[in-house]
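Across the two complexes that follow, chain A remains constant while its partner is chain B and subsequently chain C.
What follows is the complex of A and B.
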């Protein structure tokens, strides 16, 4: 503890704390055991007077404020002091609200409060106000990879906000898939007719902008750095490579149409069977005149659109998902015919017509008004007929199988995301093999062949792979419903159909949102502020190089690929890529990683500060390490409902269960704790962990804690790890109480001193 | 008196649901000054009233906690609750807003200790639970309510109970003389994130929501499933408290219908698919769900979830627009009448009259605010949503003010709106050097 630290301890007597607890004793403990410079009580600490009292002390030199009052989640506006470290002992939600107000309970309740004061005093000694590292950069320049409508929109929207953009496009011109369209689905009321694609307009605006640079026939061949200081090599077909510096990156690499040649049942070799982009080419060629079929140039009189061709299907090689836009696209394409000649027969063969929202339904209705025929049915096959492709289909409403010839058949095939190789597939495969999940292994092995065949989009020089992690089906989407842009690569955002199947309207919105996130990454990384979910956090992992054994656990376990290795194979933390979850700190076997305000010591010393009654006291001590995002709020809410739980627990909030270093458990058990409960978020495929892998890593590490317990000759039941949710307001107190019962059953730990 | 600093470089976000919180946070985390205005006493909006999200079946309060923490930590956001915008004038980069603030009767001294609620007797319908139960006249709207500050129901003012509440407060937090206020604010850009309201099920007369206790709405079912909700998380029917093991879901209840809402509300198919997991969650294989639908609109990767539900033997799908609901008086079971379209052409009778324990109407989504009536100079479509139109100047919609959207898309849209507002602010800043 540095000499210039001056700790002030403040104990609130409001909300019943003064009546239920002996606050003089708390003050004394803070002084004598907590060794704080000054300790004060206040009847109503969060009042203006209380806050002023603390502020006056801060101006008199207090650098560290320990508040013994309500939960750290409450009264945050009042207890908001800049420039000092703050620790909060949760005496209200953590003690008096979860304990009965009875004479019998008074002693153990007081002990609980005493310990929380000890713990917070111990914690704060090891906290310092975080400061930025100084490795920040401010480059107001965004790299947009992909020059389709998503990339073009991102570039223009960012430029409109005053930021420079470079677009890197593989093709010889901007426009991407949207550039191949004749018209697009309308995005404005009254949503009745196909609209201009808008590509020409966007291209003109980009050409006119002095903030946007365009590289055509170009790819990104290397990306390094971090938000605020990315460096990218842009290589052009001509062979020249330029290196530019960027603050953030948007990947708008779009989609490829599913290869219709794989749908052999639909006679893909037939010239008059086309996919949706094929029809666009025909419509573009016709330019408002009669659309002619490819085989013989006959003006089409009768066209069938087969929806969900090779998608929403579990057949091998098909896409299991829905591409979202195809129903509206087929309606639009039917209108191409109807608007030239209303007598042309246009039939859409569908199972579910999916045109959601106000615009979607209006467009569908407009299709009906224009006499497009919608038929609920499933196409079985297409074969060459006498006058054109012959389609055999089941009419699901009349329950009959029909064979009919059309001049032209359009297959509504799906979107395949144009993502780079999945960086985690090999890891997943290895894990599936380890767990002997044979079915999954087969699937993953096939996927791996496919992924390895893909070209990298970003060529990141990251330790954890060249490209963006994927969610499912190759899409680089976020797993979070509330946070759709949160990727696992800080400062790199994906937008458009590479993220999720979507139509142009949604892609343009998505592009604009991604531009916001890119700008935000630039502005925050320049200030050393963390990105979501610990937005604004200035702390970052620091490490003691002398102690590092180069075991690489931190570089492997970081859920965000933030940590690289330097030339000497030491971890390189890349502060701006870090999300501050502390998973590296939890992983480090030699405990050389810490944050200024959160470290192995700050938690470890709090654990050790607890007073451990002797073996015969019948007062066990149970350590609860609770994820501050879900488990801890749930405990607060249990307290608001006045649920009771054991007075023998001592709860410590952690940034993420992934930050839990096993030394905390070992030390706790060695120093006489009788049990420990770890509360984290749901892990696995449907994870709810805000740091993606933190909870999973913690569970994995804790699966080995049994060995430690056995070595200590302790029962393995003494440590439990649970997946909980913020809604487990009733369940978490039960988990805690069950542990208390378990301890009662197996007895106290012999490690009391 | 409420004090906020606002200039023509301030972004005003109207609505504190997930879209408004997102728009406010995303802009504030870019360094912009934001005033967030919420009509209710606390933030959270409709999603805080949901039990689970589709397709992950995770809990909305999980994301709410993160967003609240972001708000608590961000000095760029000023929050006004119980506040409504009543008038707007000016143009992009220079708006003037009139904001009415209703009295909470509780000031910032409140510690949320709950003594006032303990002291009062009077109760009122609990709007957070769609009036399915009662709450006290001094109350915290829900466990995660932020600001974490109690509210005195205005209907209690002038009663002895109000005085009891005041007497119980040790912190001089209760001010029964608090008056409505009117604020004038400047703003460079305005984001309308006013969200949606469930379509009034009473208007769908053939379904008898107003007549049959065991016909409820999808949003009410969400509250019933919440362990903190009106039934303590029990899935029981309102008429007799019997376990609702056999539930019918009626899709497009008020949507895709010229008589009610013309548009498709987008979320209802996925919401019912999600809710079809609830009987199973509560009753295992004994729980049964039947979904009456026109099209199942589970677009993009939501299709995975649809396929998972289809594989669940407790869930049945009937392609039919239900014509009417009648009541079996003896059992109180609602009976659904209609034609099963998939039986056409089979020679079998298409008509059905199916009894269920409980019927859930997948009610449509309509904008909370009548933007046309507010005369804001906005381009508003026939469905009442704000269009993305350059003519709107520095005013933008976010989330369900722009269209019927699911949470993920609402957040996506709100993030985009934050940038649109920032563009206006940055132009103002540049012009002012």
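What follows is the complex of A and C.
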């Protein structure tokens, strides 16, 4: 504790706090037990007069402000003081709103408030006002990997905003998959006819821009650094390599069409069976004239589109997901025929027609209006017929099997993301082996062979692998519910079909979003600020090198690959890559990692500051560690609804459940707490954890807490971990009350000293 | 089979959807059906139809020309308009059903024994004679629709009602002798002839 710390404690009497609580007692506790330099009460602390009072004290030397009023999520604008560390004791939502206003409850309610004042006073002693590291760079230059329509759009958008861009494209020309199309699905009203792809205009605009540099026949062979100071080697086919500095990266590596040769039931060797890109090539060759089939050059009179070929299927080797664009694409391709000659028979064989997007339904109607026939059915097989491919299909509505010959059959195969090797596959495999999940091990081993055959796209020199982490089916991971653009590598944004299946319109929107995120990353990192969800946070993990045992847990467990290792295997924290979740802090067995305003000490001391009544008082103490993103707001909302919960509970918000260090629980149990409840977000494939893996890590660590409890000779029921959502306003108080009941049943902890 | 029918088969070959689109009243809407099945689910007579509307539309797309046109299904429609009100694509389904029935009738493919078809013809034959519907004749024709003995049975059953109507002046028995008609019967028949010509031209226009 530095000598020049001067703590001011301020207790609000507004919102009923003055009537429900003995504020003089709170002030006395702050002074005597909290040992603050000065303690004051105010009738209405968030009013201008109250805020002015605090400001006046700050100008007279107060460096640390402890506010005993409402939740830290309320009145943030009023209690926003620069240059000082702030701690908030939650007396309103945390105490009086969750307790009944009765004479019986008065004593325990007051004890609750007293403890929160003690906790905040203890916490603030271990907090300092966060400052940036000074390592920041500002390079207004964005690297775009992939020169398809997504990459081109992001480059132009970023250039329009005044940032330099370098596009790296593997092929000899820009355009990607969209460049192979004859026309595209319309993106403007009235959404009736196929539109021009717009690739030529984009390419002209890129050529005309003095802010965009294009590297063709080139790949990225090394990427290092962090947002605001990336360095990348761009290697060209000619053999030359250029190294450039970038502030942020956009990966728009697009997709590959699913290999139709795997669909042997659809006779893929037949020249008159093509996939959607195959038909685009035929349409491009015809250029508005009659589309001729490949086998004999006959003008096509009767064409069948088979939707969901090898996708939305659980068969091995098929894609289980919907690629989203294929229904609209088939309608568009049917129109190629109809626009040449309305009498050409075009049939779309579908099971569920899906035309997403604002204009999707209009486009579908336009297809119907142009007499494209839509048949609900499933294709069984394609065989060579007399006049063309013979298709056997089930008409699902008429419940009959039909065999019919067509001139041409088009298979709507799905999108396979063009991502680099999954950086976590080996880790997952090791975990599956450890858990002895034999089936999963077999699947993962097969996947590993495939993943290893893939070329890396970014060649990151990160401790956690060369490429972007994936969620499922090879699509790159991003938080789908809350902030879909933010990936698991800060400053690197994926856009387009590498992120999820999408059509051109969606890919262009995605590209614009990624460009904005890249710009935001550049500007934020230049100021040392964190990206979402703790956007603007200046604190970052610091570690005491002398104490580090090089165990590597922090470097392995960081969900964002923010921590590298130096030559001596010490962790190297990259402030700009860090998202400030504290998962490293929770992982560290020797507790050398901390943030300026959030550390093992700041929370640990708050836990220890709680007054523990003796074993015979019938007043147990239950510690609740609640994730500040979902669980804590849900508790606040429960309080707004005046849901009551046990007065024996002491809630501490944590940045993420992943930042919970098991020492907190060990200390809590050792110092006499009777139980502990950890509230985090949903984990797994459908995770809602704002830090992706934090909740999962916490659950994993807590699964081993049983050993600690057994060692202490305590019942394992005393510690529970729950996945909750922000909407669990009724459930969370229930969880807490159930814990109180459990304690009542199994009895008080014997560790009361 | 009428000559129009043969001509239509020749003209549209395997594209019944287009034939319906071009020739059936409101038939162009059949293209817009998205096969959700709300019409079939909404129809109060749904369980009694051989092919409810959604299925009829699917059959049109599947080129089941004979089956659709000779079907009794669209003749079952009672014009309750439930389907039409509920159709998310706003198809005039009731009108399409009548359009299909009418088209089938015109081509000579409508099921002869279907009661609605039979009665409609009876009504028409009655009407065209004098330009006014002769209720007495039409009612009696209806009684005897299913044969002589059935007709007698029905007449006996309805006797009290007939007597009641007679005594209160609601039924004129002399109407059986021909009845009264519109003033200008010649003009009326000329009008019908012209209408028939126009319609033949309309349907024939696509042949």
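By definition in this document, the second predicted complex is superposed on the first by the 745 of 753 C-alpha atoms of A that agree within 3 Å, B and C clash if a C-alpha of one lies under 4 Å from a C-alpha of the other, contacts with A are read in each partner's own complex, and residues count from 1 in each chain.
We take it that a contact is a pair of C-beta atoms (placed from the backbone, for glycine too) under 8 Å apart; a residue touches a chain by one contact, two chains touch by 3 or more.
Treat the numbers as computed from the prediction; the structure is a model and nothing was measured.
Superposition note: with chain A as the common reference, chain B and chain C are in steric clash. In the superposition on chain A, A:368 makes contact with chain C only, while chain B stays out of contact range. Applying the stated contact rule after C-alpha superposition, one finds that A:281 touches neither chain B nor chain C.
Once chain A of one complex is fitted onto chain A of the other, the partner contacts of A:397 extend to both chain B and chain C.
When the two structures are aligned on the shared chain, A:353 is found in touch with chain B and with chain C.
In the superposed model, A:485 lies in contact with chain B only, and not with chain C. Contacts of A:516 after superposition: chain B is touched, whereas chain C is not reached.
Once the two complexes are laid over each other on the shared chain, residue contacts for A:343 go to chain C alone; chain B is not touched. Of the two partner chains placed by the overlay, only chain B lies in contact with A:730; chain C stays clear of it.
More residues of chain A lie in touch with B than with the remaining chain of the pair chain B and chain C.
When both structures are laid over each other on chain A, chain B collides with chain C only at 38-46; the other stretches in 2-10, 20-28 or 38-46 stay clear. Under the contact criterion defined above, the residues of chain A that touch both chain B in one complex and chain C in the other are 353, 365, 376, 395, 397-398. Residue ranges on chain C touching chain A, taken from their complex, read 14-15, 17-18, 21, 31-35, 54-55, 58-59, 61-62, 64, 89.
Residues 18, 25-26, 29-31, 53, 56-67, 69-70, 72-74, 108-109, 111-114, 140, 143-144, 147-148, 170-171, 226-228, 256, 262-266, 295-304, 307, 341-342, 344-346, 379, 381-383, 385, 387-389, 403-405, 407-409, 411-413, 415-416, 418-420, 422-423, 426, 430 of chain B touch chain A in their complex.
Here chain A touches chain B in the complex through residues 14-16, 44, 46-47, 70, 73-77, 157-158, 160-162, 187-190, 312, 314, 320-324, 352-362, 365, 376, 395-400, 472-473, 475, 477, 479-485, 500-502, 506, 509-510, 512-513, 515-517, 519-520, 523-524, 532-533, 535-536, 629-630, 633, 637, 640-641, 681-682, 686, 688, 690, 725-727, 729-730, going by the rule given at the top. Taken together, the chain A residues at the contact with chain C in this complex read 343, 345, 353, 364-365, 368-369, 371, 373-376, 395, 397-398, 402.
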